[in-house]
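In structure tokens below, several structures.
Common to both upcoming complexes is chain A, partnered first by chain B, then by chain C.
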Partner chain A sequence: MRNNSKWVLKSGMVIVYLFPFLYLAILSLTSRYPFPEIIPKHLDFSHWISVFTGESELTQSLLVSLTISLSVAAISTGLGFVTSRAFAKNNSERRLIKMTYLPFLFPPVIYASMLSHFFIIAHISGTVIGVIIGQVLIAYPFAILLLRGFWSRTVLTSEESAKTLGASPKQAFFHVLLPMARGLLFITFFQTFLISWFEYGLTTLLGLGQIQTLTLRVFGYIQQGNPTLAALSSLFLFIPPVILLLIYKPSLFRRRF
Partner chain B sequence: MLEIQSLSKSFEDTLVIANCSFRVETGQSMSVLGRSGCGKTTLLKMLAGLIAPDAGKVLIDGKDITGTPAHLRHMVYLPQEALLFPHLDVCENIAFGLRVRKKSNRVIQDEVRRMLEQLGLSDKLRSRPYELSGGERRRVSFGRSLITQPAVLLLDEPFENLDPETRTDMQKLYRKLSADYHITSVFVTHNLKEAIVMGDHISTLKNGQLHTYNDVHSFISDPASGASDEMAFWNQFSEKNTLDNQKSPEYLK
Partner chain C sequence: MTISVKKLLSKQGSDQTGLIFFCLLVLLPMILGAGYALLYSLGLTGLLAHGFTFHYWIDELTNPELWSSLGFSLYIAVASIVPSVVLALFLVQAAPDFPRRPALSVILYLPLVVPAVMAAFLIFQLYSESGFISRLLYHLGMIHNLHQFPGLVNDQLGIGILLTHIGMATPFFYLLFTNLYHQERIDEYSALATTLGTPPRQVFRRVIAPVLLRRSQPTLLLYLLFAFGSYEIPLLIGPSNPRMLSVLAIQKLQMFDLNQVPVAYVINLIYLGIVGLALLLHTTSPEDEYA
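== the complex of A and B ==
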């Protein structure tokens, strides 16, 4: 009896989690889905095929999104690690941390409109590089705030011990600090990737409509009233975060020392 | 031989170490006794090259190493907690100093095996730090330092947070290993008994001033060291016991 109720509860949870994906998958396979049909009579795979043959604009957007988000996550995590370490060793750490919160005082769109003037002067508006820089300016302080908790007295003393044992600053960084921070670095990479992946306002303003990420495409298809392509692009929007989640699952749910 | 000449350090307006000088012969141990916050750790970190002194010199065998970076000094600093690297097992923790010096795998294996035998930890080769007791972690920490055969070992209250029995065992183990490896060391503590047990020479650090005693007797006889007060405290119980024993009925003796 108890096992049965557990099974019902588990099945219910699986259905609740999977239903949005199933619904989007069905929507992406038909251009006609009249009420009260549960499963549409005519399934059309042409949109899916065009994505995989590279004929669809979605393929291009997927590649652009991956390039931008992986770059933003890698740059922000790397810089955030080094900067948070410098903050931890600085006497004015609290003041520096307060300053790190400054970019979050403004909504991203207002922040982007303030930046866009300088981006136009630098000729990087409407370019992938420009969007990456714009998004890094949001994700980088976020990475610093996430990683600052790592630099405890224990970690700093471990670094000192390693140096007196004969490790050069580079060896102490790569053989002691990086392995100790691995779990938190994975989390920071994942979080900054998500910030970039779902970013809309800043990308719209700094991309000047020329940089069409997957998130921008989804909004575009919804505005055009095209549920098939909106569903298809939404599904692609889900895939990379799910893959990252599966790869980093041990780090995300591991107990910290 | 380790020699310190007129070492000074201030943090903002606070003078922590004032014109401090001493000398420790090779293979000898110097105990530095002082209260918490008196600057003992600052003194050790200056010797290790982790904090830059405002003035003064640090010399090893007559060579000035004041400006030498920590990793080239060959002086190992052991912090208060036995901070083993959590991502490495016991074997790799002990091997760390040899690995960064790019020794061959054969040399590393032999050295680590020998060290583990001396530490009585041969069965813990592949254990992770979180699987060890406090005393075992401390032993690994010693092994990790001694295997590099440092010119000077700097011990920052290394037996804190250990129970009295383990503490005594560790003191004996350290004395033995120190003699075996002919290690020169500076040992800071706020524990008077430990300062006497661990040091060939004793000095006290108070208000930034270091006072070095010629021998244990001059340390004990100096009222400023606090040793005579401590002995008087324990002696009163010894005398009381003797009196109590005299008063006790025969069958209780």
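== the complex of A and C ==
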């Protein structure tokens, strides 16, 4: 009896969480989907083909999104590593960590609305650089919080030992610290990549609608009432994080929580 | 500013550089942003600045739109998190080992990498008048046209927003709770309680639920704040009245009427005050979450 109910529970979870993605895939293959059809009568692959042949505006958005997200993740992870090390060696570490939570007091869109004036003055509003800097303001503190757990007494002692044994700071960094931190650095890169990849509100405000990332495209297609292209761009938005998730799933949740 | 690699990697160099970046990218933007919003809301800066005034604050604090928006945001936050947590707790009790099975765990992780825009779009496609559920009910003979299906998106009660948040939060809390369940060895405590004669329902109410809720308190608060300040989901599938606080603030900021800009900053600062107060009142240090 108990096995039966567990089977029902398991099947329920699979249906609830897999069906929407399947439905999205079906939607992306329809040009006409009138009520009350459940399975569309005509499948249309033309939108998918246009993305892969580079004719669709989605291809360009995909490239813009990848450029922004990879840059944000690389900058945030790199700076987060350096800053979390500085925190670990600082006497006021607890106070600094509390201050790191400050940017999370706001939703990113509200934070962006308060900073947009300064981006306009700096002439970086409506540019890719502006959007990258804006997203780093959110992703960088998150990277610090994730990476601060790395700097244990063992790690700091290992670094000091390497230097005592004659390693230069550069050698200690590349041959001792970096190999030890590799796993956590990847997780931080993944998390900050996701923050940037999913970002909508801040990108809209600081990009002035001119920087069309995939998220903005999805939103635009929904507002235009074009479910086919909205579904297609949603799938493109979803695929890279899933690939990263499959690679690093085992350690992702355990590390974070 | 040129920073040599050697200097960056030296002990003092990297410490100072790390702190300089922290000041430039975390503290300075916060101070500038909050300061600018405050000055704007007091009429001291901006295109329509005519000198110090509480006019915008008084107008907005006596505006029923703000209070209905605030109430709606609080309702959405609480009504999304409570069912998600309850559902996740029951799932943990029923199946604490599911997330450890590779095939099933992948499915549970999927909602964690779904962007809010996509989740809202999915809910719209499933629960709108012409959505999948409506089509299914039509074929089952339960409705005869699409208008008979109750509008579950863009509705006054925010059902669509709630469905989206619950759909995203339940697997998140389920995974969090199962991790804590094994970390805290709750199965051993439960077995001990059962051996001592405690009925299963009491074990759940007095052992499993309290331990999990206490250990996940900081995450619960952060998720509550996340739902309170959510923007994309209510913008897409929320009602036009009342609007959630972040949607209200941004819409006022983007209006052609420049008089609404200081009002938008007033709302931003009220939001900041509420969230700051909530975190201040929360006695547990948020640092524990990532320990």
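Just so it is clear, the second predicted complex is superposed on the first by the 223 of 257 C-alpha atoms of A that agree within 3 Å, B and C clash if a C-alpha of one lies under 4 Å from a C-alpha of the other, contacts with A are read in each partner's own complex, and residues count from 1 in each chain.
Just so we're on the same page, a contact is a pair of C-beta atoms (placed from the backbone, for glycine too) under 8 Å apart; a residue touches a chain by one contact, two chains touch by 3 or more.
Remember, predicted model here, so these are calculated numbers, not experimental data.
Contacts of A:P169 after superposition: both chain B and chain C are touched. In the superposition on chain A, contact of A:V218 is made with chain C only, not with chain B.
Of the two partner chains, neither chain B nor chain C is touched by A:Y248. In the superposition on chain A, A:A86 makes contact with chain C only, while chain B stays out of contact range. When both complexes are overlaid on chain A, the residue A:T154 reaches chain B alone and has no touch with chain C. Of the two partner chains, neither chain B nor chain C is touched by A:W48. By the touch criterion stated above, A:P179 is placed in contact with chain B alone, chain C being left untouched. Overlap of the chain B and chain C interfaces on chain A comprises residues 169, 172, 257. Residues 5-6, 8-11, 14-19, 21-22, 25-27, 29-30, 32-34, 36-37, 91, 94-95, 98, 104-118, 121-122, 124-126, 130, 132, 134-136, 138-139, 146, 167, 171, 175-176, 179-180, 219, 222, 225-226, 229-232, 236, 246, 249-250, 253, 264-265, 268, 271-272, 275-276, 279, 285-287, 289-291 of chain C touch chain A in their complex. Those residues of chain B lying in contact with chain A across their complex are 45, 48-50, 69-71, 73-79, 81, 83, 85-87, 96-97, 99-101, 130, 144-145, 148, 154.
The part of chain A that touches chain C in the complex is made up of residues 5-6, 9-10, 13-14, 16-18, 20-21, 23-24, 27, 35-38, 79, 82-87, 89-90, 94, 96-107, 109-111, 113-115, 117-118, 136-137, 140-141, 144-146, 148-149, 169-170, 172-173, 194, 197-198, 200-201, 205, 215, 218-219, 222, 227, 230-231, 234, 237-238, 241-242, 244-246, 249, 252-254, 256-257.
Note for the complex: chain A touches chain B at residues 154, 157-158, 160-169, 171-172, 175-176, 179-180, 182, 257.
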